[in-house]
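As C-alpha cells, here come the structures.
Note that chain A is present in both complexes that follow, paired respectively with chain B and with chain C.
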Partner chain A sequence: MKAFALRLAVFALMMAAAVDVRAQNLGSTESSEHLIKAGYVYNFAKLVEWPAWATPKGQPIVIGVLGNDDFAAVLSHAVDGKKVDDRVFVVKRLKSRDPLKDCGCRILFVAASESARTDEIIQFQNASSVLTIAEAPDFAKRGGIIALTLGEDSKIRFAINVDAAAQASLTISSRLLTLATIVHTAR
Partner chain B sequence: MTLFAKPLKRALSAALAGSLLCGTVWAQDFPDVTAISLEDLMNLKVTSVSKREQKLGVAAAAIFVITQDDIRRSGARNIPEALRLAPGLEVARIDENKWAIAARGFNGRFTNKLLVLIDGRSVYTPLFSGVYWNVQDLLLEDVDRIEVIRGPGATLWGANAVNGVINIITKDASATQGGLVSAQAGTGLLGSGGARYGGKIGSSTSYRVYSKYFKWDSATDDAGRDAYDGWNTGRVGFRVDGGMSAVDTYTVQGDIYNGDYGETLTGPTLEAPYTTTFRNDGQFTGGNVLGRWSHGFDHSRTSLQVYFDRANSAATSLLDDHLNIYDVDFQHDINLSPSNNLIWGAGFRSTHDDAIAGTYVQLNPDQRTWNLFSAFTQDEFTLLKQRLRVTLGSKIERNDFTGFEAEPNGRVLLNISPTQSVWGAVSRAVRTPARTEQDMTLSAAVLAPSAETLGLPVSVRVLGDRDFKSEDMLAYETGYRVNLGRASVDAAAFYNRYSNLLSAEPTAPTLDLSGPMVQLVAPLVADNKMSGATYGSELFAEWKPITAFKLSGAYTYLRMNIDRDADSLDVSTPDPAGVSPKHQFSVRSAIDFGKNVQQDFTWRYVDSLTGLAVPSYYSLDARLGWTPVSHLNLSIAGQNLTNNEHIEFRPDFITTTPTVVKRTYQVMARWTF
Partner chain C sequence: MNLRNLSIERKLTLLAMLTSTLAVVLSSASFLIYDLVTFRSILSQDLATEAQIVAYNSAAAMAFNDEAAATVQLSALTAKQDLVAAVLYKSDGTVFAHYYRAGSPKPELPAPVEGREARVASGHIEVFNDVSLRGERLGTLFLQSDMQRWNTRARQYAGILVIFVLLSGLLAWFVSSRMQRLVSRPILDLEQAMRIVSVDKNYGVRAVKTTSDETGRLIDGFNTMLAEIQHRDKALQRANNDLKTRTQELEDEIVHRKRTQEELLKAKDAAEEASRAKSAFLANMSHELRTPLNAIIGYSEILEEETRDSGPAENVRDLRRIQGAGKHLLSLINDVLDLSKIEAGKMALHLETFEVESLLEEMITTLQPAAERNANRLQLRVHGDIGSMHADITKVRQILFNLLSNACKFTENGTVTLDAERQPGSEDRLYFRVTDTGIGMTPQQQRNLFQYFAQADSSTARKYGGTGLGLAISQRFTHMMRGDIHVTSHSGQGSTFTLELPAKVAPEAAEPSSELPASPPVVETLSDLPARTTVLVIDDDVSVRDLMSRFLEKLDYRVISAPSGLEGLRLAREIQPDIITLDVVMPQMNGWDVLDQLKSDPALASIPVIMITVVDHEALGLERGASNYLVKPIDRDRLAEALDRHRRPDEDSMALALSGDR
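Moving on, here comes the complex of A and B:
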C-alpha cells in the first residue's frame, strides 16, 4: 500500500506540472457543432457569388451572427486572416433587437433561437442580396436560402432553396448544389 | 484543400472529444476548419447527438465517454474489456464468459443497480436484474462511443439506473460505408472474425449488414484445473438510417445471435458431501429489432422509438428462460426560449417470460407478463448570463410489482470561468424487483444432518416474495472540471443513502416429505431489511503535451457502510463492502509514431476484495498498431504482460468456479475496402 501511495503522489505531481503548462483562452463552446458549422459557413462564402454591386473590390465580407455569441467567437477565430477573392472576413455579433438592414452583412447566420424572425430575415435577404444561413430545419422551405441543421446521425446537413437564392440574386456553384438537399419554396 | 484533411480530421476529433467531456474548447487548440473540404465536413460527426445526451455531456453529472478510438487503441476484445477504460467502473472477469461490472459499489455477477442500453434498447434483464454480459456483443468497429454515467440517471432512463448508466451507441449506417473484414487470434481467444458491408439505397438511405463469430478456449481455476469455461458466439445484424431531410430521420436495426458456453458449477445435493461440482453447459439465443423516427418542428423535436427483444437463456441445471420484451418510447424536446429547454416523454414496456425449471431454480408461476408505464418531464434553464445551468425533472413509473415510483432530480452547473465548472445534484432512484425476487425458488445449499436437525439434511432455499419492494436511493453528488486545453481534470464525489435493500430473511423451517428423501427446508425469503450509505470519489486527469502523445490517469475511491436493519435476521447476505475494491488506479499512455504506428500502454491497480478472498492485483496491457498501407491495419496486443496471475472475482451467488487471468497475446488484422 505504501508503494501505491508513493506512485499516486508522483502522478499527482506530474499532473500538477501539466496543468501549469499554458493558459490563454479566447472563448469557449459547448460542443464541436460550432466548429463544424464555422467550416461550412467558410465554404459557403467561397462557393456563392454575389451580384457585382454587393461586393465592391477590397471591401471585407461581413458575416452577421444573430443570436449566438459563442458561435460568433468560434467563427471569427476560424475565418481570421482568411481571404476569398482578396477580401477578408469580418464577423459581427448581432443582438436580437438590432435592425438587420444596418449591419452591412453579405452573410447572415441565424441561430435556432431566432427562428421567430424568419419572415423578417427573408425580406431582408431578398432586398439586400444576403446569403442567409439558419439553424431552423424549415428555414429553406419557408423561403430562406440555406438551412444548416444537425441530423440524427450527428452530422451537419444543409438544404438550399434555389428559388430563394435566385430571388436574392445569388449564384450558387454547382459543386455546392450537388452536395445540398435542394428544396423549393413551399407555396 | 483536401491534402491535409485527414490529420485535421484526427485533430478535430481529439479536440471534440475533449470538449464533450469538459464543456469548453480552447481557442488555441481550434483546428483550422477552413482547410477541411465540404465533403469531409459532411462526414464529420458532432460529438453530442441528441439534446438529451448533449445535456449530460456538459451538465451536472459524472460522465465519461469511451470513443471508438479509445476502444481500438486499447486492444479490447469485447465490451467488458472496453469498459475497463472508464474511470469509476469496477470491471472484474469471473471466468472467460462471465463478468461482474458495477459503478459505485454493489458489484457482483448479478449487479442490479447499473442500467445498460445498446442504441436505446435496455439490455438489463428483468429476469434477475442485471446484465448477461456474455450475450452483449457487437462488431466493436461499429461502436461510435460508450457513454458511462456514474450515479443515478433515473429521471431520464427510469428505474434501475441507480448507481450508473452505460449507453453503448453504434455508428450511423452512413458512417460505415464500404466493406470491412477483421480477424483476431491469440492465447485464450482462439479466433474471432467479423465482416461488415455498408451501402446506400437511393440518395438518402444508408445501410450496413454485419456478422461476427468468435471462440474462446477454457481457462484454469486457481488450482490449475481446466474450468470448462470456453465459449463461442455467432451473430448477424443490420442497421438502416435514412431521412428525406434533416427534418425527418429514421433508424431501423436488429441482430440475432446464438452462443454456447461452459462453466464449472457447484450445487447442493441431499447426500454427503452435500455439494457437487460438475461441468455445466449453457446456451443463449435471441434477437431484437428496433425502429426510431425523429421529426423536427420549428422549436422542437419529437422522437418515437419501438423495439422488440427476445432472449432465451438455457442455463442447464439452473433455469431455461424465454423472455420477450415489447417497448415503446416517445420523447419531445422543446426549445421554449434560448435559455430554457423542456423535455417530456412517455413510455410503455411489456415483458413476458416462460421459464422451464432446472435442478436448482424454479419460477412459480412458470409464465408471467408484467407491464411498465412511465412518463417524465425535465426542464433546463440558464441564469446569470448562461453561467448557471439548472435542471429539474422527475420520472413517474407504474410497474406491476410495486406500483408507482417517483424518480426526481435537481442539478446545477456553474461555469466559474471559461475553463472551470462545478456542479452538484440531488436525485432519487429506485431498483425495482426482478422476476426472480418475486417468484423464484433456489436451492442454495444443503447443511449436513446433525442432532439439532433431527438427523435430517437441511435444504436452504432462497425464495422470492410478492411483498418484496423496490430498493431506494437518495444520491448527493458534486463535481469539478477544469480544461486547460492540453490538460484537463474531472473530479466527482458522491454520498448515497440506501434503504429497503434486498435481504434474505430466514423463516421457520418446514419438514418436506414429498421427495425421495425426507428433509428439513430452511427458507430465506427476499425482504427489504438492509440500509446504509456509501461515499467515494473519482478523479480523471488527461495531459496532451503534444498531439502525438496523451497520458491519462484515473483514481477511484469507494467506502460502503451497509448493514442489516435492527429487525433483520439475515445472516447469509455478504457485506457489500467486501465485494467492491476500495481503491482503483489506472494510467494510460497513447503515442503516435508518425502517421502509421500507434503504441498504447495501460496499467491498472485494483484493491483487494476482502469479502471474496481476492487479493489486490495490477495488470499491464500493451498494444502496437501498424498501418502499412491504407485500408490495412495490423496490431499485436498483450494483456497482463507482467504475468501477474490473479483471480478478479469469486461469484457470491450461483457458485461457478472463477478462473485465473494469465498473460495473453493476440494478433489482429483489419482490412477495409
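Moving on, here comes the complex of A and C:
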C-alpha cells in the first residue's frame, strides 16, 4: 500500500495543474482513487472522437456521473477550465432513477453501484454515441466501451471494447488502444 | 632536385599528372563536403521527424502515466543504430522514461528545452521535441545521435576518394607519359640534330619535321638556318680560295712591279744623264755656234758699211743677205737655247721692279722699223695709271717683242695696237693686248699656235720667216711668271693676243751658274790711246774684241781690249777707263770674279761695267754692280745706247753731234 500511495502522490503532483488540490481534503484512499480516475476520464475525452453531429461547435462536453456524487465533485474540479478543441467541460450528477436519454451526455461515468443498469446504459450508448466508462470489471465484455478496474498491483487499468465503440460510432485513438486491454463483446 | 632542371619529358608528364590530379582532388573534395553537409542535415531532419513520431506516440503513455508503455515506445528506437539516447522528460524536468543504446556509456543528459529544437554539438545531433496531447504539453522528448552513419559514410567516401585519386593519378601519369611525346619527341629530335651539328660541325644534317605546329615551324626555321649556314660556309670557302689566288696574283704583281720600278729608275737615271748631256751639249753648241756667228754678222755689217760707201751695189745686197741669214740663225740658236733651258728647268726669273709705261714706249720705239717695213701703223694705248710691276723685265720684253714683231710681220698696210691695262683687285694683274688687222688664223692654226716649230703652215715660214719657237717660248715664260697668254682670231680678220701677268711675280729659285771649258788666254792690247772716252773691252774671243774695237771707234770711243780677266783688271788699274765691257764666260777668271774685284777696288768701283755675254744673267749682273747687261750677239744699237749714257760729260756734245750726223 505504501508503494501505491507513493505513486499516487507522484501522479497527483503531475496533475497538479489540472486537478484541484482540494481533493486532498477528502484525505482518504478513495479520494485519491477518484482523483486518478478523474484524470483518466479527462484523458479519454482527448483520445476519443465523436461523430460530427454529436459535437456541434461551441457546445460544451457534458460528462454525466451516475451513482457517485463525490466523484462528480472531484471530476468537476479536475476539468474546471480545461478545454478540448475549444470546448469546455460540464459535469452532471445523475440519480439512479433519472432517465438517461435527456441528460445530453457525451461521456457517461457509471459507478460500481449502478451495475444493474448496464443493459440500459449500453442501449443508450449505442443510440446516442456516448462514451461509457464503468467501474464494473465485466462492463466492457458485456457491451460497454471502457471498464476501469483496480489491478492486483493497485494500479488502475482499463479495458476497451472496440466493437462497442464502433457500434456507438466512436473513434478511439490507437495511442489509447495501445495502453488498454482490448476486449470484444461476449456472445 | 630542382624542378627547373628536370627533362622536358618529366616536366610535361608531371604537369599533366599534377593538373589532372589536382582537378580530381578538388572536385572530389567539394563533392564529399557537399554530400557530408547534406547528409548531416538529412540526418538531422530524420532525427527530428523521428522525434515527432515518438513524441506523438508516447503522448498517451505519458498522459496515463504509463511508464512501461513509454519505455516500450522508446525501445522501438533500438533499430536506429546511431541513436545513443532517447529520454522523455516530464513537464517539471524530471526523467519519465529513457532508452540508452546498449554498450554505450550513459550520456550526460542536458536540461530539457521547450518547443522543437535540433542542434549539432560535439559530434552529436541532439533533438528536442515537445510531447503534447490535444494541445496540452505533457513533457519533452530528447533524442541524441552520435552520427555513426555520417562518420561511416565520411570514412567510406574518404577512402573511395583516396583510391579514386590514386587511380586517376596513375591513369593521368600513364596517359600523359604517352601524350607528352607528341610535344617532347620533336624537341628531343631537334636537340639531337643540334648536338650533331655543334659537335661534328656537320651542317648537312637536317632535323625531321613530324608536326606542323610551332615545333614544326621551329624545326623548319632551324633547317633553313642550317641551309643558310651551309650556303655561307661554301661561299666563304670559295671567297677564301679566291682571296688566296688573288693574294698570290698580287704578290706576283708586286714582284713584277718592283722589277719594273728598278728598270724604270735605271731608265730614269739614264734619261736624266742623257738630258744633262743634251743640255750641256746644247749650251756648248749654242756657245760654239754663236761665237762664229758673231764674227759673220759683225764683219758683214762692217763690210756692208764700207762697201755701201765705195763698193758695187750688188755686193751690198749680198752682204745684207748674209747679215739677214746670220741674224735669223742667231735668233734660232737663241730660241733653241732658251727652250733647252726651259726644258732642263734651268731657266730662272730675275725679278726687279720697273716702270711699265717706259718699257712699253721702248718696245714701240724698237719695233717702229719693223712696223714700217710692212707699212703698218704701230700705236700704244695705255689705259689709266699703269704704274710699275715686279717681274723679269727681260722676259716681259722678249714676250712683248715676240708678239709685236709677229703682228707686224703678218700685217700689211694695217694697224698694230698695243693696249695695256692694270686691273687691281684681289690679285693685281696687268693685261697687254696686241691687236693687228692682219691675215688672222683658222681655229686649227690657233690650236697649234703654242707648239714648237708651229706656224700657220709650212709656207708661212718661207714667206714671213721666223723660227716657229717664239710663241712657245713666250708661253713658257708667261707660265713661269704665273701669267697666261691666249689668242682670239678669225682667218683674214686679224688676231688679238692677250698677255696677262701678275703685277708682282713671286720669286723662284736662282739659276746656278755654269762653267765652260778653259781656252788659252790671248792678250792683245790696242795701243791707240786718244784722249777720248776710254772703253776697256775684256773678252777672251779675239773676233769679239776686234768687232767691238771697230764698232766703238766708229762711235768715237777710245778702245783698249784685254784678252783675259786678269789682264783686264791690270789694264783697268793702269789706265782708269771710263767704261768697261766685260765678257762673262772666260777661262781662268770669269766675268763675275772680274766684276767682283772691280767693285771691291775703291779706285775702280765707280767705273760703269757693261756685261756682254751669251749667258743671260742680267739680274745677277745688275745685282753685283754691273751698269748694263747685254746678251751676245751684240745689238749694236743697244750697245751704243748703253755706252752713250756713260760717255764723259765734256764729250756729250760731241757724241750728240756725232749721232746727229748719222
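To be clear about the criterion, the second predicted complex is superposed on the first by the 156 of 187 C-alpha atoms of A that agree within 3 Å, B and C clash if a C-alpha of one lies under 4 Å from a C-alpha of the other, contacts with A are read in each partner's own complex, and residues count from 1 in each chain.
In this text, a residue touches a chain if its C-beta (ideal position, glycine included) is under 8 Å from a C-beta of that chain, and two chains touch if they have at least 3 such contacts.
Note that the structure is predicted; figures quoted are calculated from it, not measured.
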Touched partner set for A:178, first chain B, second chain C, both or neither: second
Touched partner set for A:159, first chain B, second chain C, both or neither: first
If touched residues of chain A are counted for chain B and for chain C, the larger one: B
Partner chain(s) touched by A:126 [first = chain B, second = chain C, both, neither]: neither
Touching partner for A:113 - first (chain B), second (chain C), both, neither: first
Touched partner set for A:136, first chain B, second chain C, both or neither: first
Partner chain in contact with A:40 - chain B first, chain C second, else both or neither: both
Touching partner for A:84 - first (chain B), second (chain C), both, neither: second
Chain A residues contacted in one complex by chain B, in the other by chain C: 11, 14, 40, 43, 47, 175-176, 179
Chain A contact footprint on chain B (complex, rising order): 12, 15-16, 19-20, 23-28, 30-34, 36-39, 41-50, 54, 57-58, 172, 174-175, 241, 243, 245-247, 249, 251, 292, 294, 296-299, 335, 337-338, 418-419, 482, 484-487, 489, 541, 543, 545, 553, 555, 583, 585, 587, 605
Complex interface listing, chain A residues touching chain B: 4, 7-8, 11, 14-15, 18-19, 21-33, 35-36, 38-40, 42-43, 47, 67, 74, 77-79, 82, 111-113, 115, 136-138, 147, 149-157, 159, 175-176, 179, 181, 183
Chain C residues within the chain A interface of the complex: 56-57, 59-61, 63-66, 69, 90-92, 133-134, 136
Touching residues (chain side chain A, partner chain C) in the complex: 10-11, 13-14, 40, 43, 46-47, 84-85, 173, 175-176, 178-179
